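The next part holds the structures, each set out as structure tokens.
Both complexes shown next keep subunit A, but they swap its partner, so subunit B is in the first and subunit C is in the second.
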Partner chain A sequence: MSNKWDTLQSQSFLECNARQRAVGLVDAGTFTEFIGPKDRMSSPHLPLMGEAIEFDDGIVTGVGLIGKRPVFVASQEGRFIGGAVGEVHGAKLVNIVRIARESYDKMLAANPKLPEGKRPAVVISFDTGGVRLHEANAGLLAHAELMDQFQDCKGKVPVISVIGSRVGCFGGMGFVAAATDVIIMSPLGRLGLTGPEVIEQEMGKDEFDASDRGMVYRTTGGKHKYIMGDCNVLVADSIEAFRKALGEVLAKPYADLAAMRRIGSLEKVQYQLKLVDLCVKIAPKDSKDVWKYAGNKNPDALVDMPLDLFLKTAERLKIA
Partner chain B sequence: MDNLIGQGRAAIGMIVDPDSFKEGVVGDLNITDPEFGPGAVIGTAMLKGETCTVIANDAMTVNPKFPVVYAGIIGMEEGYKMALAVYNSIKADKDRPLGKKRPILLIVDTPGNGPGKQEEIFGMNKATGAYQLALAEARKEGHPIVAMVVGRAISGAFLCHGLQADHILSLSAEFSTQIHVMPITSISRITKLDIEWLQELAKSNPVFAAGPNFFFKLGGVEEIIDSIEAMRDRIVAHVAQVRVLKLAGKNDELGPWGRGTLGVERGGRKTRAKVIEVMNEEFAAVADRYLK
Partner chain C sequence: MAKQLRELNFEFKAETPKDFPAGFLHYGVVGSGDMEVIIEKKAMSGAVKFKVVTPVTGFDEVWRRVLERFVNETGISNASLEINDCNATPVVVSLRLRQALAEIG
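After this line comes the complex of A and B, so read on.
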């Protein structure tokens, strides 16, 4: 598959690699990569364990434009050790967010009236199972740094998650994504903390049968997360669909994006606690139990429903 | 007592001023329901005469509503309960000056986050994320946050409860403290690398091995403490140190970013700094094209 912007647009987001996603999500010809393969900044730890390296350590970081906005992009490569976060990978991801916020501070100091449409934003394309075991401690520490950087972005730089790649977004990266302002997913995207295999291993097949693909998608997939309110925008599986959604989101005032968060304030936590109470009340055996509670009379029909119809039909969970 | 594993409640009493801990109360918050997130203990105590918020794990209880929550696991209710304690600390001290924000003490003994189907359906990732964001906000609002690892500090649960602190202290390995993502036996099984060889490799490279000493070398914990009796005084000393740095505006020397710098000083995590330096240079070379 070519990396040319025009040909990328119609491609399946799921099938695209990290670099294609990074290039295709911003305006044509605007992406500049930092710490690209030419820098050969690979993991110093993997060779000690006899493991293959990649010259980008499984993540593409750089900057592009969407309209007049500088958009700082991080895009993970699930084909390299499951997109897992090691020392280099983590440092690239953390620092691209930090550069965005530092740029904001500089720009706003120079011009306090800078229009929102010219202010920096961050986009992270997740494709990861979390910490890379070969360098687990460094990977873990990078997760904490990322949460710290997100908090610094609050009130300044919108941070947008896009999730629609093969590995999904799991482990520690599951709560990293939850802590961003806006989450855009395709129905093929998956988001969670503990992956199905780990739940099955820890709690048994009765709790979760990881070989039941339908169950896996119903529990962590884009449609379910959209009904729950954990995914803000659900789009088709193409680079263009994700890019357009991103453009629409970034055209909104910052206050609207902050309101789309799930967590990050006392009020948001109090709302989430109502959802926990609801979980106790309906004790779902399957996500469909929650879909039904949300007002979807025939939850089975939603599973394979085409996206356009799903977006028109599906009732999203709302509680007073 | 050989160690404090499972003794989160007892550890509170060993650290704060005698009989000062009021469970369930933080500012306006007053939790009276014993079945609400019982795996997390929250409350207010005095530490050398100063009001302080305490957040600990209770490994000796189960959450009757969520069967995956036992042995100190942080479930959805626990994560949000911990976040409530933090937000109410911020709220209670909203009008106090920077040097007077109450410290938040995290007593860490947790083996994981709730791994269940209901947890995934409703989003366990949000609960642990919510608590971390609350701690990061409190840290930036000026609250000195000190984490004390007294038992298990495992993977995502340590991220949730510990790694957002300004400073992290750990009892030494003689107290069976565990800090890791995965024990080396599991890493060996999953990566298919020989366990004895991995153990040998760990001596020269702390980046994957389990234990407080490896985290110390990586800058992941500020100090290792070798007696239970010393915990209280060292925590008080760290609260004071953290406060001095906050008053001087040196927030980058604290918390996760500060521990990155510490990782370079201690020689365990040097590549991270190089990546950041090169990326900053590469961005500076094109910044004018993007920032207008």
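After this line comes the complex of A and C, so read on.
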């Protein structure tokens, strides 16, 4: 459970808590936390409902460096109420993005020729089921405010999602992640809107068996999202692998990162609609049906394939 | 009236107090059955005070015993400890407090 940067690098990303991820994803010794446990800014709502509180309300925010870039980090703690977004948690998340964009504006005003490699970026490590139902209005509002902040960041500050933690990224936060520029996942990362248990509850076990972990990972896990194009970069489950991938992504020109988005232009929306069309056409019973359509002759082999081989072998879905 | 989060306060003095070096330390995650703690140096004439925030009722005496034992066994002195608890068992509480102290080294 040590927070030392050196020992964190080889650790499983999945096993790390929010603070360890925040510290380990940026360069050694560069992370400074904003509104940490010392400030004791916990939820004002949970005590009234007899629910446990946390000093940081389940999210670590701060700034570090990747190379010469100031990187504003938000890292959610899935073990605290499923990483759910409440009022304080949401405000910390929204404002770290706002501070990144305001820093960008100030830095560029002072030096219009500031090279891209020194401009601010945002990294969000998701570990959440979405809105915290105990403070749902504030939580939902935070989702909307976050989307607004992303809009304001466009053309200025790249926003990168990293997903590889226990809870994954579900609920409204699934939308939020989809609205970022780049998504980096590990095969153990999970991304979706309605979580597996909720689908089963609403649609029945015949439609979606949430106890079938293999099926859940085939449907929401990093490998599937990579084939579908929802995930841009697939990496191994370690802090170091995520940090290196972040470094490589942030070394690209802004225009390349913007091109990696899933939404945000008419063409991208039209592409998403083609995916819906395709889904109706091939009526997949399992994600393996889609993998096969994408050109993977033996989709069964992909399930347990080691990551380096998977990255060489797997065909990603392309629609003309 | 719905149940509210409870705050328990304790103060102990170790039988053989030792010097406690760190100024501020935070350790742990408030997961289900787990807890976090903030340990701060504080001039208390050798005593240690605890503030425990917990949803659990009916275990105040168990808390007192677990924390008193922790103070006596580690000799921690002149410190303020704040715990956010989420139904941690006495064993987990003891373990986390010792792990927190080990972080100081």
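Keep in mind that, in the parts below, the second predicted complex is superposed on the first by the 320 of 320 C-alpha atoms of A that agree within 3 Å, B and C clash if a C-alpha of one lies under 4 Å from a C-alpha of the other, contacts with A are read in each partner's own complex, and residues count from 1 in each chain.
Criterion: a residue touches a chain if its C-beta (ideal position, glycine included) is under 8 Å from a C-beta of that chain, and two chains touch if they have at least 3 such contacts.
Nothing here was measured: the structure is a model prediction, and the numbers come from that model.
> Is A:Leu48 in contact with subunit B, with subunit C, with both, or with neither (first, second, both, neither)?
Touch partners of A:Leu48: subunit B and subunit C.
> Is A:Arg213 touching anything from subunit B or subunit C once the two structures are fitted on A? First, second, both or neither.
After superposition on chain A, A:Arg213 lies in contact with neither partner.
> Have a look at where A:Ile96 lands relative to subunit B and subunit C in the superposition and call it first, second, both or neither.
Only subunit B; A:Ile96 stays clear of subunit C.
> Counting only touches as set out at the top, which of subunit B and subunit C does A:Lys274 meet: first, second, both, neither?
neither
> Can A:Asn17 be said to touch subunit B (first), subunit C (second), both, or neither?
second
> Where does A:His143 make contact in the superposed view: on subunit B (first), on subunit C (second), on both, or on neither?
Only subunit B; A:His143 stays clear of subunit C.
> Between subunit B and subunit C, whom does A:Arg79 touch in the aligned arrangement: first, second, both, or neither?
In the superposition, A:Arg79 touches subunit C alone.
> In the superposed model, which partner reaches more residues of subunit A, subunit B or subunit C?
Comparing subunit B with subunit C, the partner touching more subunit A residues is B.
> Could you say whether A:Lys38 touches subunit B, subunit C, both of them, or neither, answering first, second, both or neither?
After superposition on chain A, A:Lys38 lies in contact with subunit C alone.
> Which subunit A residues contact subunit B in one complex and subunit C in the other?
In subunit A, positions 48-51 sit in both the subunit B and subunit C interfaces.
> Going by the contact rule at the top, pick out the subunit B residues touching subunit A in the complex.
65-66, 68, 76-77, 80, 83-84, 87-88, 91, 113-130, 132-134, 136-137, 140, 155-156, 158-160, 163-164, 180-182, 187, 190-191, 193, 198, 201, 205-209, 214-215, 218-220, 255-257, 259-260, 263, 269, 271-276, 278-280, 282-283, 286-287, 289-292
> Quick one: in the complex, what on subunit C touches subunit A?
2-5, 24, 26-27, 29-32, 34, 36, 38, 53-55, 82, 84-87, 99, 103
> In the complex formed with subunit B, which residues of subunit A make contact?
On the subunit A side, the touching residues are 32, 34-35, 39, 41, 43-45, 48-51, 61, 63, 65, 68, 70, 87-88, 90-92, 94-96, 98-99, 103, 106-107, 118, 120, 130-131, 133-145, 147-148, 150-152, 154, 171-172, 174-179, 191-194, 198-199, 202-203, 207-208, 219-220, 224, 228, 230, 262-266, 268-270, 272-273, 275-276, 278-280, 283-285, 287, 290.
> What does subunit A use to touch subunit C in their complex?
1-2, 17-18, 36-38, 40, 42, 46-55, 58, 77, 79-80
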